[in-house]
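Next come two complexes built around chain A: one with chain B, the other with chain C.
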Partner chain A sequence: MRFYSKHFKRDFNQWSLYTVAISLFIAIPVFTIIFHLFNGKGEMWDHIVTYFLLDYVLNSIILLFGTGIICFSFGTASAWIVTKYDFPYRKLIEWLLFMPLAIPSYIVAYSYVGLLGNGGTFIRFLNMIGIPIKKIEMMNIYGLIAVLSFSLFPYVYAGTRAMFKSYPNSIRESAYLLGASEIRYFFSVALPLASPAIIGGLFLVFMEVLNDYGAAKYYGINTFTTGIFRTWTALEDIQSSIYLSALLVVLVLFLLAMVKWFRGKKSYALKFNNEDKTKRFNLVGYKKTYLIVVFIPILAGFVFPVIQLLIWAVQTFEVIFNYALFSLVIQSVFVALFTALIIVLTALLLIYFSRWSILKTPRFFPKIATLGYVIPGAIIGIGIIRSSNSIIVFFDTYLNLKVGYLFYGSSVVLIYAYIFRFLAVGYNSIEANTLKLGKHLEQTSYLLGIDKFVTFIKIDLPLLRNSIISAFVLVFIDTLKELPLTLILKPYDLNTLAVKAYEYAEDERVAEASIPALLLILIIAILITLINYKKSKTN
Partner chain B sequence: MFKRSLIVVFTLMLISCGNDKSEIKNEEKNQVLTLYTHRHYDTDKEIFKAFEEKSGIKINVVKANADELIQKMESEGDQSPADLLLTVDAGRLVRAKSKNLLQEAKSEIISSIVPAHLRDQDNFWFGLTKRARVIVYDKNKIDPSELSTYEDLTNDKWKNKLLIRSSGNIYNQSLMASIIANNGEEVAKDWAAGVVNNFARTPKGNDRDQVKSILAGEGELAIINTYYLGKLINSLDPIEVEAGKAVNVFFPNQEDRGTHINISGIGVAKFAPNKDNAIKFIEYLISKEVQEKFASANYEYPVNVEASSSELLNSWGEFKEDKLNLSKLGELNKKAVILFDEVKWQ
Partner chain C sequence: MKILEINDLSKSYDGKNNALKDCSFSIESGKICAIVGESGSGKSTLLKLIAGLERPSAGQIKIKGKVVSNDDIIVSPQKRNVGLVFQDFALFPHLTVKENISFGLKKDKTKKVDELLKKIKMEGYGNRYPSELSGGQEQRVSIARTLALNPELLLLDEPFSSLDTNLKSDLRQEIKQIIKDIGQSMIFITHDIFDALDIADEIIFLKEGNIIRHSSIRNAYKDVENEYLKKSMKELKSNAERILKAVNNK
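Showing the complex of A and B:
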């Protein structure tokens, strides 16, 4: 990366400027946080270093390592099986594999204690069939790894599946003709070719793991994020909590650098195989056991937690269920749709503007704009409130305009916050696939005298359709579940299902949280079904 | 399609801005009140609604963690729309006061109803409801005559029997602060170390989980909030009810200073745009009828002595409460956390 290229003047074009401008605008809260670093370390910093820092670092590394392995294994293996083989209910299973994302991970954490804890549903079942067991301890770091892995592996699954689907049959045929076994083909050809998508997915998993607060706190595990909150709230030292956040950002930058290094070494441009035309094999004989790999994550990440939620829902139905919940459904869906739309557009703008920029430096800036995904929501909230307050004061003092109403209790700031928070989700899912497109098609189109926008709309957009849809769905789901920012920045009248579920859970009324949580799951299920239906129709 | 969707997005954004403007204008004409609250109980919602109907004042509610709300008020400065800050512990109110985010609320009614130790000496904040942090014990395994004080919990006889949640929890921090205030820092540190030594297991879960662990035989006694025991006994989940019924309540330190209590409290924001409405609202919250509602629906002890508490609360018996001024809890909160860390109370 060179900031002053020899040909700066020649290579500088408007796209470089747009890329930098949009990225910087989105990244304002990052700069607010960096700015705060110059205020020096907080008074409790030494205390934290003495008693906790090692704990935070070690626990976070163990969590990343554990979830990384599980998400990688189940994410890629299940993607492989659903794209390569045909079996009954394959379509259903394909989308069931997305469903674990629909449940907020702290709810999964609670429901596992409801299943396996003292007097839990599953424990009572075991007791009934004569196995005398008091409980299966989930509330430790291994339990946390399991809970986070099974609720987050779809990030890996989603991108990898899209990638596998696009492989032309010719690759496989060549590999087999050359005598490669299926296993060898999977490990030596399929996986490496999918590495941009796998890494992109794992990166999202890592950021979610680092950012998890609810599950880690409930299970009593000290992580960076629980530490950031403890430092802020209990030790009353926001300065040190910003320091901790900055450390977390450094950790992520390191991960990002690794991703870049890894991608930089290899770059693949495949001849694109449009849509789901891969030849599938039937699962026969011993290969039927492959399905276990598909069922484990579906059961652990979706079916088991939902069973517990349903039991709670039956218990609390009379008290909790009322028609006001439908208004929450509508509000939640509207906000999430709107946010997902804007984020996908922003991601596309950034990806294409930086592609069109001849200068290389601006291509790094969108990465800064995606950092919001790893900074704890509450810290982003502070950054945004502080930034918007400066704007309000500026308008008030210099222009004598009262603009406070634009910021407090309005949706503008909330939507901005969501963009900052979730841009990475949209950006990473789409970018991985633009890398795969290569530049040939684009260049051919330019040679034929077609301008950038038309090329983008007529060629890239249709080719990217699948990844745009999956980016849209992922952002939609994330927004629907988002908590800390929604709580602190939402307009007074806006109420969402996630907020409702949280209010009950925060008050230790987990059973009561089940109905809003199930409604969340239902919305996401409907969305995914609609998309699948539309897809199969267009096919 | 791309350009068209861009246009759609910007139009939508403009529309949403426009809506906000007109809403604000409407609100200016009418009476409003903006409440920042850490409480999110269905009971509160009903109480707010009743107030709106009675007074014609519309309440805007921002619900979030008290620390986030304080940070929000701090960042918003004199532009803050907040009129009131409502928290679930005294410590956060003390912190808000020390950050210069609250102001004095003069009201004869309030000062005559809320007892002196449950409010700020300068009338910057007031307790609305009380919760006691008590010992609950396994009915079948422990004879209550063996229990006496919080201090006694470090006794070797409770080794591997004591359940309590993590030190990150504000109620534990307040309890620790009260022990520092009553016994001094060194004794408090030894106390915390002794409690850690008697843990049945590393702290995890919430207050309800501690009681469930007693039912499962993982420990024999736990320190929890009365409010959560009320919720547990009245839970819709049969397992929780069973757990709640497996234990009895013991109010510690009855022979000396009394049982540690904490409050849910409220203060008027420094830059409150609607101060008069805010005071009216506090007066309403401490009125007898509302206080009884807090007690019956939410299992909190009323601060208004005229209000009767609920049947369940009465069944646990009357108790002597620690009259330590609650400002102390806020002042010592941080010290409490530092000591917790030093003795490695997870």
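Showing the complex of A and C:
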């Protein structure tokens, strides 16, 4: 990258400027955090270091290891079984393996306490068949690992399955002809070839684990994210929570560097299939037991939690099912729709402005704007509160304007936060497709005398339609599930399904959380199914 | 009159390596010029610079005596009146053949499209989509789309490379005929000196971003000094003789 161009005057255009301006505006929270690091440590910092820090670090690392191992095992094994073998209801099972993504992990955490806690559903079942057991303790770090793993493993499953499906049959056949056993083929060929996808999926799992607030809080495990919240709200020491955030970011950067290093080491030149033409074997004999590997995560990550939620829903139906619930659905959906719309628009602006920038340096800036996806929500929340306070103070002292209400009385700040957090989701998936389109189509249009905007409307937009729709849906789902940022930044009178479920659970009324949670799951499940259906149709 | 004048033109994509280095040449109006060179020698880059799709790192380009790019000035591709047919044809996949051809037209669309469809012998194909065409048909549509705007200068990036290498193949002859019939200033890139000999008036050899020879077709084989050229000419010649023999024996 060169920061100086001899032809700066000739090559500079407004698009360079807009790219830089929009990117910097979105990334304000990052700069705020960095800036505040130089303000010195907070009052409680020494106290935190002495009593809590080791806990935060160790717990977070144990969580990452535990969820990493379980997600890796179940994610790759289930992907392997559904791509290599054929069995009744295979398509349905492939779909069910995605479904845990529809349930936010904190809701899975609640449901397990209902299943396995004192007098829980499953415990009563065990008692009934004569096993005298009081409860299975879930509210510890192992319970949290299990809950997070079974709700997050589909991130590994999804990428790995796509990878396995793309292998040409010839690889497998030649491996077998060379005398490799099935197990050996799996470990020495199939798995290593899929490693970029597996690493990518695991990275997403790790980001979600570090971002989790609801489940860890409910199970009483001290992690970085719960620590940041606690320091800020209970200890009222925002400066120390900024320090904690910085440490967490260091951990994230370390993970990111590992991913880069690992991927850099391995790159394979293989001609992959685009379609699913893989030859499948029938599952016969003892091999039918393989299905256990597929059923465990489906049951643990989707079926059991949903059953528990349904039971609770029946119990609390009369109290919860009312007009307020309806308004809750409307508010959640509306906020998520609005956010998804703005994010898709912002992503398109950034992608195309930076494409239209002749200078190369501005094209680097959208990378900064999309950092939010690797920064846990709690940190973004603090960064934004800090920045808005500075702006409010600035308006008050220099212009004598009270703008506080605009910031905290409306959803403006919340939606801004969502944009920073989820821009990458929209940006990356649309950008990948613009790269696939190449440049010749738009260049041809220019040579036919058509300007940039009309070219964009007539050529790029129709060709990107599908990827824009799926980016929109993905952002919509993420926003709908989001908890920590929403908790921090939502205006007093706004409520979402996710927040409401959390509030009931925190209030020791966990059963009442079930109906908002089920509505959330239903909406997301429908959308995931729609996307998958669309994908398989266009293939 | 000169349709194109190029002076000391250089292009570097990364600021270090030159894809094109200090190239100078000019082309008279109405002439057909072939550019020959190995892959990676900067042929496509040269066309993109002429069309205004890339910006030169140094040097100047004039079209019909008017400066279109130098260190200070850049005329946008829309205003150069240059047509470029890409190697991959770049047909808009979501538009029909008719819509592709009329894409840049402002008026008389139907009349012009019918005329062009006739010229490329594809009268019945107006309502098809590019995915329903053969490679040769796609190419002809791409050429027709470019001709619709009557460009002053037509650029073709490897128009023959995707076709059957058989010299006598109908497709090849058809494209050649279309190109000859256009009868206007044109630059095309080719790997094969036969295509150059068959169609072009002059020929430019590019190697590693430098023009190592620019001559009329008649003198293409004369006074070859450069070692590399000598070698490739010899290869080409023996190839040519071999293929000609084969063709004649048929």
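We adopt the following convention: the second predicted complex is superposed on the first by the 342 of 539 C-alpha atoms of A that agree within 3 Å, B and C clash if a C-alpha of one lies under 4 Å from a C-alpha of the other, contacts with A are read in each partner's own complex, and residues count from 1 in each chain.
The rule is short, and it goes like this: a contact is a pair of C-beta atoms (placed from the backbone, for glycine too) under 8 Å apart; a residue touches a chain by one contact, two chains touch by 3 or more.
Everything numeric here is computed off the predicted structure, so don't read it as measured data.
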Touched partner set for A:463, first chain B, second chain C, both or neither: second
Touched partner set for A:443, first chain B, second chain C, both or neither: second
Chain B versus chain C as contact partner of A:218, first or second or both or neither: first
Which of chain B and chain C A:168 touches, first, second, both or neither: neither
Chain B versus chain C as contact partner of A:68, first or second or both or neither: neither
Greater chain A contact set [chain C / chain B]: B
Partner chain(s) touched by A:451 [first = chain B, second = chain C, both, neither]: second
Intersection of the chain A residues that touch chain B with those that touch chain C: none
List of chain B residues in touch with chain A within their complex: 1-3, 5-6, 9, 12-13, 16-17, 20-21, 24, 34, 40-41, 60-65, 67-69, 71-72, 75-77, 79, 81, 95, 166-168, 170, 173, 202-209, 212-213, 215-218, 228, 231, 235-240, 242-243, 333-334, 337-338, 341-342, 344, 346
Residues on chain C engaged by chain A in the complex (per definition of touch): 15, 51, 53, 55, 57, 71-74, 76-78, 80, 82-84, 86, 88, 90, 92-94, 103-104, 145-146, 148-149
Of chain A, residues touching chain B in the complex: 47, 51-52, 113, 117-120, 134-135, 139, 217-220, 222, 226, 229-230, 232-236, 238, 312, 315-316, 319, 338, 341-342, 345, 378, 381-382, 385-386, 389, 392-393, 396, 404-406, 408-412, 415, 453, 456-457, 461, 484, 487-488, 491-492, 499, 503, 506-509, 511-512
Chain A to chain C touching residues, read off their complex: 2, 6-7, 9-11, 358, 439-441, 443-451, 458-459, 462-463
